[in-house]
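Both complexes shown next keep chain A, but they swap its partner, so chain B is in the first and chain C is in the second.
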Partner chain A sequence: METLQYTIRKLIYSIPLLFGVTLIAFTLMVYFGPDLTDSILGKNPTAEQIADVRSELGYDAPFFVRYFMFLKEVVTFDFGSSMSSGEDVRSILARTVPVSFAVALPAFILSNLLGVGLALLAAYHRGGFWDKFVMVFAVVGMSVSYLMIVIAFQIIFSTSYGLNWFPVQGWIDPPPDYPDATFFEIAYYYWYNYWLYVTVPTLASIFVALGYNTRFFRAVIVEELNRDYVRTARAYGIGNGTIMLKHVLKNALIPIATRIIISLPFVIIAGNLLLEKFFGIPGVGLVTYDAITNGDLPVVKAVVTSTAILYVFALILTDIAYKVIDPRITYSK
Partner chain B sequence: MDADTTDQSSGTSAGQSLWSKSARKFRRDRFGLASLAIVGLYAVVALGVWLGLWGQGWSTLGEESFAGVSGEHWFGTNLNGQDIFQRAIAGTKTAFEVGLLVAVVSTLIGGFLGAIAGFYSGTWIDEVIMWLYGCIDAIPFYLFVAAIAFALEGFPYAMHVAMITTFWSSTCRIVRGEVIKIRSLEYIQAAHAIGVKPMTIILRHVSPNTFHILLVQGTIAFVGAIKSEVILTFLGLGVKEGVSWGRMLTESTQDVLRGHFGNFLAASIFLFILVIAFNMFADALQDATDPKKISS
Partner chain C sequence: MPSQLNRLTVAGALLGLLCFGLTACKKPFADRDQKNPVYRHSSNGAPVSIDPASASTLYENEMVTTVYDQLFEYRYLARPYELKPRLAASLPEASADGLTYTIRLKKGIRFADDPCFPDGKGREVVAADFIYSIKRVFDPKNLPQGEWVWRGKIKGLDEWKAAGSDYAQPVEGLKALDDHTIQITLNAPFPQLTYTLAMGYSSVVPREAVEYYGKEFALNPVGSGPYKLDSFSTRRAVFVRNENYREEYFDLEQEGYDPATQAWTGVEELQGKRLPIMDRVEYYFMQESMTRWNSLNKGNEIHFGGIPVELTHMVADQLKPLKLKPEYAEKFTGMNQPDFGFVYLPINMADPRIGHHPDPEQDRKNLLLRKAIRSAFDWDQRNERFYNNIGIIFPGIIPPGLDAHDPDLPRHYVTADYEQGRRYLEEGGWTAETLPELTYGGVASVQNMQLFEQFRGWMEKIGYPREKIVLKTYATFGDYNRAVRNKELTFVSGGWGLDYPDSENVLQLFYGPNKSPGSNASNYDNPEYNALFQKTKPMQPGPERTKLYRRMNEIILEDVPTIAGLTRNSTAIWHKNVIILPSRNPHGSLLKYIYLKPKTEEADD
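Now for the complex of A and B:
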């Protein structure tokens, strides 16, 4: 009952945030955004046609009327059709989100797991050789540009100047039509091709994310190590390793999990513009990139707004999850 | 600002402000000093380009495209026969332009709004500012830049505006937290008691005690800005005129597939050394200016 109350409160308090996010998206992209009349009508429209389209798009309506038109699009999740292909934005997202998810997932899991592992190693040897080694590595990782790593990894793994193990770019083609291919043959085909195209992007994004993750996780763990209960546990003669894994990590999990959950919407919906554009992977990132370059407003509008809203809901979800995990948390303002 | 902080660091011996103690601590940090020297060197290079002393030949078209490394062309030439080393030097100026502008403006905005939010915490002013950065943080950075580019179509500083409107939020958050602590200190209560106006208290008595945060946040914003420039330029949202490391790396994505690594190496080396020096400088600065670590 209390959890339900807490949930409802959280939801109510998220309304201003949702309102603000949609207002920003609307003001930037729709109100001050490009005038779509010309691209819809093409060459030599009559004055009457122009007036029709303008009133249909709401260009002659006042700010708040247009904002409510936009909110209606958001609530019904109907952002119209892409300007360049004419495809419904919903079906574009349905097609591309799984691809982005498939590309981002291995790197997302590995960079967080490795980050926590390295952070534990560094915090355990605080001030010692391994700590310094890991932290130097983290600063180097934080200092390289994503684009630079992507190019370097492409040279190393995908060109004849390096190992030439993987294709330069691209994505899984539909399987060739064997008349009597078994289920396993097709599954193997997809599995094999998936790793063929996903390995290099994954390595590059792990490299870039790991430095930031490790530094953040180490700071959290070190802070936890300075607490009284750790001293008490030591006084009881509990081994350092046990303290680290059973007590410190457990207590540090809340900030760690927050960071991971909050980054999820960005990883999945926003896709990764740079990675997908560079490797020609047909996910949300590439579609968004194309939409940005072509001024395809409905697509950009849909991606920006839905990512932002999902982020707000991820925030609420983490709060509620903690409430369930740790009943001591109450609503305090 | 020295005078202000000296007053407040009571308990230390006379004439020793927190800043002079920080400076002494920083001088003992070898990595910090080395990184500051490297940043300084880059700054001189950028200043020289700005004054027209060197790096002026970056747009001169040469005879030979993709010439190899030679005494004349230290990193060879690019597709148009332009000297890559000159372009990397000229790119330093662009990096400092973007970095300085974004770092200074976003940190000042964040510092000011953070001080106000912290000072008025618990009131509607604080709520509004928190709401504002909550909204900004909810929109993914690259998409936010794209949205701003839509709104400011054709405006050459759309990238700068976008970075400033997103980067201030982290400074604001940290300054706000610090000011909430400062607000309850006795000297602020004393200022209230003798009837100093709230704005004067914020600007003269509270803000100077957040300068160390602003300094560190400024260096972090600088690094963020030059790294984002590269990605945004590659995505077609960044620098469109002139030369920058982002443009060089973007050109190099085509070059490397044909086996020409000049652009890639030059831009990468210039960018990496500056960013790692700045990151180490930020760390050293944070260590040196953290009041908790100094006064102990």
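Now for the complex of A and C:
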């Protein structure tokens, strides 16, 4: 009950926060964002045609009129149509967000799980071989440019210069139209192609994310290992595995959960421009990048707003997670 | 330590097994009959809109001309480019005064089946569709980009727009004499009209589709062209044969085949084939050149691509002409494909520090300054460093392949001569202190930065102070365009893609009334040049017009409102079992002619 009340209270408090975020985002987009006019004028425009286009795009309306229109769009989550392609922005998001999510999810899960595992290993063997090995691996992952990793992984796993196991680029096509295809055949088709296209991007993402995650998680766990209760537990003769997993990890979970939950909005909506560009994945990252460079404001507004809303939810979720992880925590009024 | 290493080995082996396990899994539907082969094309850019009224880029034009018909098209193999009828039954009949064009349409041409039509069956294309389609290009609601093509040209069209673009209202110069006859009346003779009717902007669209799909029409094209769009995303477009496409067969003679220069492509094999040849074409948009190359070289993904500049020497023994290394020559065929356009560096003539000046003495000094800058510009080095040394350098603004191109112009206009540059500065009385600060503009990118540094290096060689050549970059192309249109830059790093093979299309770049915000980025306004341009506007192609065009080119060379020019070449490369002769603009889409021979393993993939 306390959690529910807290959640509702946080949701209400988040309204002015969202209002502020939208105002700042909109101001930035209007005054510093690209102007689509000069991108869509033909080769030999006249001053009159420039005025026509600006009027069609709504650029000539006063700032507050445009902002209130924007607020209406946020409330109804109807951002209209893309200025470039005319496609409904909700359709664009509905088409691309699941793809980006599907690509990001395995890497997100694995890099966090492996990160925690490696951090436990490194922290337990602090100063020893495994600690150094894991940290060297982490530093390498953090130091090498993401772009280089993506190119290297593509060459190693996908090209005829390397192992040639996976496609260079692409995404799952609708299954072939066989009238007698069974449900299992179609399910297998999707399963097979999903892993075919997602494995190399996932490996590249894990390689990079693992370094950051492991270093962070290790620092948190090492701090826990220095606490008195660990020494006490050891004095009681509790096994190392139990101490690490049942006590240390549990107590380290709050910063770990915070980091993981806060990164969720990126996994859900931000997409990954580099992966999408290099592996030909039709996700939201590429759409957002194109929208920013083309000045396609409806798409930019939708992505910025969705990310802001998801962030607010992530913050609330983090607070709820604290209570779940440690029931002693109470929510102040 | 050994046991730790063993664990490591085991972990590595497990990862390898996981990957190998997946690749070793049975391919879905492997035991079924595979469908017809699919040809997979690729380009290095992506289209956004497939609405003919607003589709302006090379990539968008390819999409549009794949799905839609225009009245005319270019013969596939003829060089120089020649028009032939597409939707039209024959080339247009022009009145003696050059003001009225009558065009007859082929009968029985149908739009592709689509839910926008009653019962989903595509109806016949009629003259009224063409008129509706041109009106759309003048309707601001469509954010059209092709309006400039016919602005001021077709009688009553500008007025129709000014009166609110009401489709119920007629346009005096656009008439459907009957269902299959169009009459276009011009305000003044416009010899390039027929070329413009082969451009993507002139595509014939059905009103039903525009009304049915509303704003999403741009991604739901319905045309009478050889293919229908099956799906579209940021990474690819999939086209399937338009079952309503007319009976059209490949004819070598009609396409302008030249065995002496084109036999190597294997196009003879296409003779008599019904168009489009392939049932399904997948068109991939791959901006990353390494990804595009890897996908092509893999063997079972795309069939057509390019060689990244960084890998050129790994793949090819020589570039001019293209000769692939033996291991690649076994798999691929390729050629250097000239761009239909050129790169040049307009100088802002509206800037009194370097351009025209009311004071004759200052005007003379400014001209010498521009000449000095041109003398320092090393086209050969630019070609070598940035264009694989396969670009074509030419003096002036009329590139090879156009009617008025003059191959005998002196080469000193495009040859760096630093000594001469310094002499010009001296003659003009310019010193390091008096030389003005110049702004070089471009979109923020590594290559633009490199181009600028190269340019600044040349300027230093003629004694221009380094700090007086300033780079100004812009986040997007739109922002850059705005700066150009606001005359903020001294040098505009520019390129021009030709719209049709007539020198008028480049000469208009320096026509005074076209200055910013128009296409005249130099803001050049020379009364003599303008008068010649006006005089040649109504002239039909011929020696007299060519002479005047060449004179205009000479004026540009004498007055130096730009440093020009170079036509880029890009290397196209494709699998051995593909028959194609690539060409970019003015052709538009060539997909209907492409043939993937069904012998190889990749054809079965």
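Worth pointing out:
To be clear about the criterion, the second predicted complex is superposed on the first by the 272 of 333 C-alpha atoms of A that agree within 3 Å, B and C clash if a C-alpha of one lies under 4 Å from a C-alpha of the other, contacts with A are read in each partner's own complex, and residues count from 1 in each chain.
By our rule, contacts are C-beta pairs under 8 Å (C-beta built on N, C-alpha and C of every residue); 3 or more make two chains touch, one makes a residue touch a chain.
Computed from a prediction, not measured in an experiment: that's the story for all the values here.
By the document's definition of touching, both partners, chain B and chain C, reach A:293.
Shared-chain residue A:28: touches chain B; no touch with chain C. Of the two partner chains placed around the shared chain by superposition, chain C is the only one that A:170 touches, whereas chain B remains out of contact. In the superposition on chain A, A:159 makes contact with both chain B and chain C. Looking at the superposed arrangement, the partner reaching more residues of chain A, out of chain B and chain C, is C. Of the two partner chains, chain C is the only one that A:43 touches; chain B does not reach it.
Shared-chain residue A:196: touches chain C; no touch with chain B. By the touch criterion defined above, A:2 reaches neither chain B nor chain C. Chain A residues in contact with chain B (one complex) as well as with chain C (other complex) are 34, 151, 154-155, 159, 161, 168, 277-278, 293, 295. By the touch criterion stated above, chain A contacts chain C in their complex at residues 34-47, 49-50, 52-53, 55-57, 81, 83-88, 95-96, 129-130, 151, 154-155, 157-161, 163-171, 175-176, 178, 181, 185, 188-189, 192-193, 195-196, 199, 276-282, 286-287, 290, 293-295. Contact residues on chain C toward chain A in their complex (touch as defined above): 1, 4, 19-20, 22-23, 25, 27-29, 32, 35, 46, 48-49, 51, 54, 56, 140-141, 143-149, 151, 214-219, 233-236, 284, 286-288, 290-291, 294-295, 297-299, 301, 475-482, 485, 499, 508, 514, 517-519. Chain B contributes residues 131-132, 134-140, 142-144, 146-153, 227, 230-231, 234-237, 246, 249-250, 252-253, 256-257, 259, 261, 264, 267-268, 271-272, 275-276, 279-280, 283 to its touches with chain A in the complex.
Per the touch definition, chain A reaches chain B in the complex via residues 16-17, 20-21, 23-25, 27-29, 32-34, 139-140, 142-148, 151-152, 154-155, 159, 161, 168, 266, 270, 273-274, 277-278, 288-289, 292-293, 295, 297, 300, 303-304, 307-308, 311-312.
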